[in-house]
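Each of the two complexes below includes chain A, the first together with chain B, the second together with chain C.
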Partner chain A sequence: MKYTSLFYLTLFLPLTLLAYQLCPQRHRWVVLLTASYFFYFMASLTLILYLWASTLCVYAVGLGMGRCDPLTHGRKRLLVWIGVGVHLALLAVLKYGPFIAGVANDVLALWPAAPHLPVFKLAVPAGLSFFSLQAISYLADIYQGRTKADTNLGRVALYMAFFPTIIEGPICRYEPTAAALYAGQPLNHHDIAYGSQLLCWGLFKKMVIADRLSPLVNNLFKNPAESGGVLAVLAAVACTIQLYADFSGCIDISIGTAQMFGITLPQNFRQPFFSTTVTEFWRRWHITLGTWLKDYIFFPLSMSPRIKALGRRAKQRHGRRFGQIIQAIIPLLAVWMANGIWHGAGWNYLFFGAYYFVLVMLGLIFEQPLETLAARLHIDRKAWPWRALQMVKMAVIVLVGELMFRASDVASGLAMLRSIFTGWDWKMLTDGTLLQHGIYGNDYMVLLAAGVIMLAVDICHEAGISLRDWAARLRLPIRWTLYVTLILLVVIFGAYGEGYQPVDPLYANF
Partner chain B sequence: MRINKNIVKSVSFVVLTVAIIGLLTPVLAPTKVFNGVMDEPDGSLQYVAFGDSECNAGFSPMEIWKDYGFAGYNCGVSAQRIQDTYYLVDKVLEHQQPQAIFLETNLIYRHMLTVDEVQASYQHLVERMLPALRFHARWKQLLDPLAKSDGRDALTAMLKGMRFKTDEKGYSGGPYATPTDQRQRIGILQRMYLDRIVKLCRSKGITLILYASPSPACWNMQRHNGLADYAKDNGLSFIDMNLDPSAYGIDWSQDTYDGGDHLNFFGATKVSRYLGSYLRDKSGLTDRRGQPSYEQWERTLDDYLKKTKDVKAK
Partner chain C sequence: MEKLLAILRDINPDNDYESADHLIDQGLLDSFAILELVSNLEDAFGISITATDLVPANFNSAAAMWAMIQRLSKD
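== the complex of A and B ==
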């Protein structure tokens, strides 16, 4: 079941809301859990068994850790590693199995007598990458004492399976989310209205922009060797906008849906294209993944005794700044490799992670010298021209990263990048080439108009203007006209139904 | 009181939105739909064929007109589900009173009962109530008049709905309808809509003929057995041309354009000739050639013969 389907929007969601409201408060979590399992079954069928197994594992290991004597730390550590290990093993076998086996076979091929490993491609349950991270964060939080092991299986199950988050996140933490899910607060008009607003806005981004761009992006990346410079740039821009509109659109649908039930989910995007540095970009793009990696990989590693000792030694020999950089290298490398490989099993994803690791390290190394240089040149780094320049720099960095990310392999991505400098032909903009890649003049017009609307909304949000509050304050006829217009834009200009290939949420595949 | 006011407001908003989407239907929904069959004069068709692409590519009504003088139409639609077919039959019968309906059976085993299919059925239901949802993409044609006249309408009218494919990509896999006692069950949804088509035809006194177009890629004996049971239980005729395709003249080296999935024009002419003879022998249809009200068919036949002459010469 897709969040954008008529089945979800006009049957499943309204019926779930109705059942939730009609049910006594203490049983509302049952409605949410039943709906979540139904939703997941419709998406993954019998692969729901993995979700159930993961839930039982998390619950049992959590209980085990909760019963550990605080003084017997070793047993608790063993249990957390079992729980985390089970989920990492699930990911390794189901998601990365073919990739790992392929790499192993490439290595084994160096020895003629070495055996050839069989490559199994197993069906991957929907949202595996997301619910695994939620499971690991719950166990790690219990281990670190940030939360207590929950004795209520229903609450744990709902945290793991809540239908708006199970496919694409946002990646939630147990402490604020599970209690809200279980509380069964009654529906209220404000939450329904605000949730619906956000849901419609998410549909607009996903169906009008991202899905309309899909044939263009697929076409441009299908034959990387044929793409000239103009097409390579178009491919990078189109896939970046598609990814943003798709993922942020689906997240808006998720957050909006949850809000209808009175549940606040964490934000996942905060106008990422207004970033001026790489680290800022990742604080604004896929925020919940970034904070997860920071809390469960970066901090534990950078605070480990060995890394700290390494930093201390470097500081003693080469100064404080160098010590800080050395102490950050290994945790950052782990974070960015994990970020890359989390997105998929392929060298291009590892390249993507390495690309951002190098950029972050360069930022760290040159931060101080650049500050000094800017001060000497009397450059006001907070002035808007400087910030605008930095945003353009970031746009280029992001476009290159997304091009490599979306390419089928590293070689194709590099070939497309190379073509920007070797095969530039301005004529392609006017000779009809752009109309031969899956979308036509009318599509470009819709994309341009919708893109301007999306940009305007992001500008307002960046300026601190809450458009939802503004819309809610409008007089009823004007407000309704605005809402109906948004819905009609989705209904008429959405890329769905006859003549369009259905497009799965892009991040559901990661 | 406050809650009631909010509920009234919410319901009013939903009703208003649905009404506005409903009002878009006359703007967005095309006047001519369903493969051009609605362009045929009311009550002029003696038989109509329905199905998916197996029917659409593998059945030529003009061959039957040429040989037997029976006026018919190919309403096959690529990848069509049986529930869509039911509504199409229902719609066509509002304008036509055929004596016979051919139903190509591949669609009965398409899109078996899956969660996707349940959702698709629901979507179809909503789209029937709000056609603007189905035809929303026609804003492009409304804005671009050139898109309306790309010549496809004229070709479809001349071929009476058939998809004209002349490519040849042979099938060399040998016999595929291997005898077995196993039977493939018809899915719940498929059976429900098949029953509805049967009932609809009975209520209008129309002879429903099930036929399986030759297709090694789509057919097997399990399916044959399953459908033969259904046909027997419901007193229907079932022509399975897969049991011995050579009996109908099918030459797998040249009568398919995609290696044995669909028939090409040459295969379609052979299937049509047989189904024409079947109509002549079993259905009591009368030859309409020479009748003033079918003059247009004679002109269409001239065009059809011109169109196919070069192909046949090759």
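== the complex of A and C ==
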């Protein structure tokens, strides 16, 4: 079952809302849990066993840690490592097994007598990367005393399986999500209206923009060797817009669905293309993953006694800035490698992580010299022309990163990048080449109009204007005309039905 | 408190630390600034800040940081 399917939108969600409202408050969590397991079973069939095993594991390990004597720290540490280790092992075997075996075989091939490892490709349960991170964060929070071990299995199970978040996130924390899920607050008009608005907006981004771009992106990345410079740039732009519209659209559907039940989920995007630096971009793009990596990898590593001592020594010898860089370099490397490999098992994902690691480090190293230079040249770094220039710079950085991310391997990505400088041919823009890659003139028109709408909405949000509040204040006939128009835009211009391949949410594969 | 405000202004003089109460939530102090801040607070107040203390509630305002310093000084 997909969030964009007719079954989800016209049967599953309305029936779940109805059952939820009719049920007594103290049993509403059972409705949510049953619906979540039904949803997950439809997506993953018997692979639901992994979800159940993961849930039982975090519940049992959590309880074990909760019962530990505060003075016997070693036992608690052993338990948290068991819980985290089980989930890392699940990821390693199911998601990275073939990649790890392939790399090991490449290394072993250097010795002719060495054995060849068998490569098993096991079925991967949907949302494994998402619910594993939620499981690890729950265990780490208990270990660090940020939350208490929950004795209620139902609440833990619902936190792990809640159907709007299980496939693509946003990645939630036990507090405050679990309590809100379990509370069974009655439905109300405001939440239903605001949740529906967001869900429709998510459908617009996913079905009108992302899914319509899908054939073009697939086509352009299928034959990277044939792509000239124009097509390589088009591929980078198209895949970046597709990824943003797809992922942020699905997240809007998730947040909107949860809001209908009165549950507030964390934001995952905040107009990322208005960023002026790499670090700012990652504070606005896939926010819940960035926060997870910061809280569970960056801070624990950078605050470890050895790395703190290293930073302090560097600060004493070479100054404050150098100390800061030294203290951050190892944790940042771990964060960006984890970010890369979390997205998938492949060298291109590791390249993606390394790319951003280098950029963040360069930003850290050159921040102060550039600030001094700007002051000497009397450049106002807060003025809009400078900010606009920085946004263009960030757009180029993001496009290069997404091109490498989407390419089937590092060599293909590099070949496409090279072609931008060696195979540029302006004629491709007018000789009909652009119409030979899966989409046609009408598609480009729809994409242009929808892209302008998406950009306008992002500009309003960046300016602090809440369009949802504005829409809610409109007079009833005008408001409903707006809502019906949005629904009709999805129905008429959405890429679905005959001639279109259904497109899975892109991040569901990560 | 003045010592804390001086440390904060040294890290980023652009913020109004006496009134700001969402320094982390609004991104006014990023992860690198937090690392530098932790190092300076440890040196200035003779406290030890661990990863567990690195939650937004402890760093969102100067008052919250001061409360954390007081608590860690007693430990």
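Annotations
Here, the second predicted complex is superposed on the first by the 510 of 510 C-alpha atoms of A that agree within 3 Å, B and C clash if a C-alpha of one lies under 4 Å from a C-alpha of the other, contacts with A are read in each partner's own complex, and residues count from 1 in each chain.
The rule is short, and it goes like this: a residue touches a chain if its C-beta (ideal position, glycine included) is under 8 Å from a C-beta of that chain, and two chains touch if they have at least 3 such contacts.
All values reported here derive from a predicted model rather than from experimental measurement.
Judged by the touch definition given at the top, the superposed model places A:Gln324 against chain C, while chain B stays out of reach.
Using the contact criterion defined above for the overlaid structures, shared-chain residue A:Pro300 touches chain C, although it does not reach chain B. After overlaying the two complexes on the shared chain, residue contacts for A:Arg283 are found with chain C alone; chain B is out of touch.
Of the two partner chains placed by superposition, only chain C is touched by A:Arg312; chain B is not.
Of the two partner chains placed by the overlay, only chain B lies in contact with A:Val491; chain C stays clear of it. In the superposed model, A:Leu364 makes contact with chain C only, not with chain B.
In the superposed pair of complexes, A:Arg146 makes contact with chain C only, with no contact to chain B. Shared contact residues of chain A with chain B and chain C: none.
Those residues of chain A whose C-beta lies close enough to touch chain B in the complex are 1, 5-7, 10-11, 41-42, 45, 189, 192, 440, 442, 480, 483-484, 487-488, 491-494, 496-500.
In the complex of the two chains, the chain A residues touching chain C come out as 144-146, 279-280, 283, 294-295, 298-300, 302-304, 308, 311-312, 315, 320, 323-324, 327-328, 364. The part of chain C that touches chain A in the complex is made up of residues 27, 30-32, 35-36, 38-39, 49-52, 54-55. In the complex of the two chains, the chain B residues touching chain A come out as 3, 6, 9-10, 13, 16-17, 20-21, 24, 28, 115, 118-119, 122-123, 126-127, 132-137, 139-140, 143-144.
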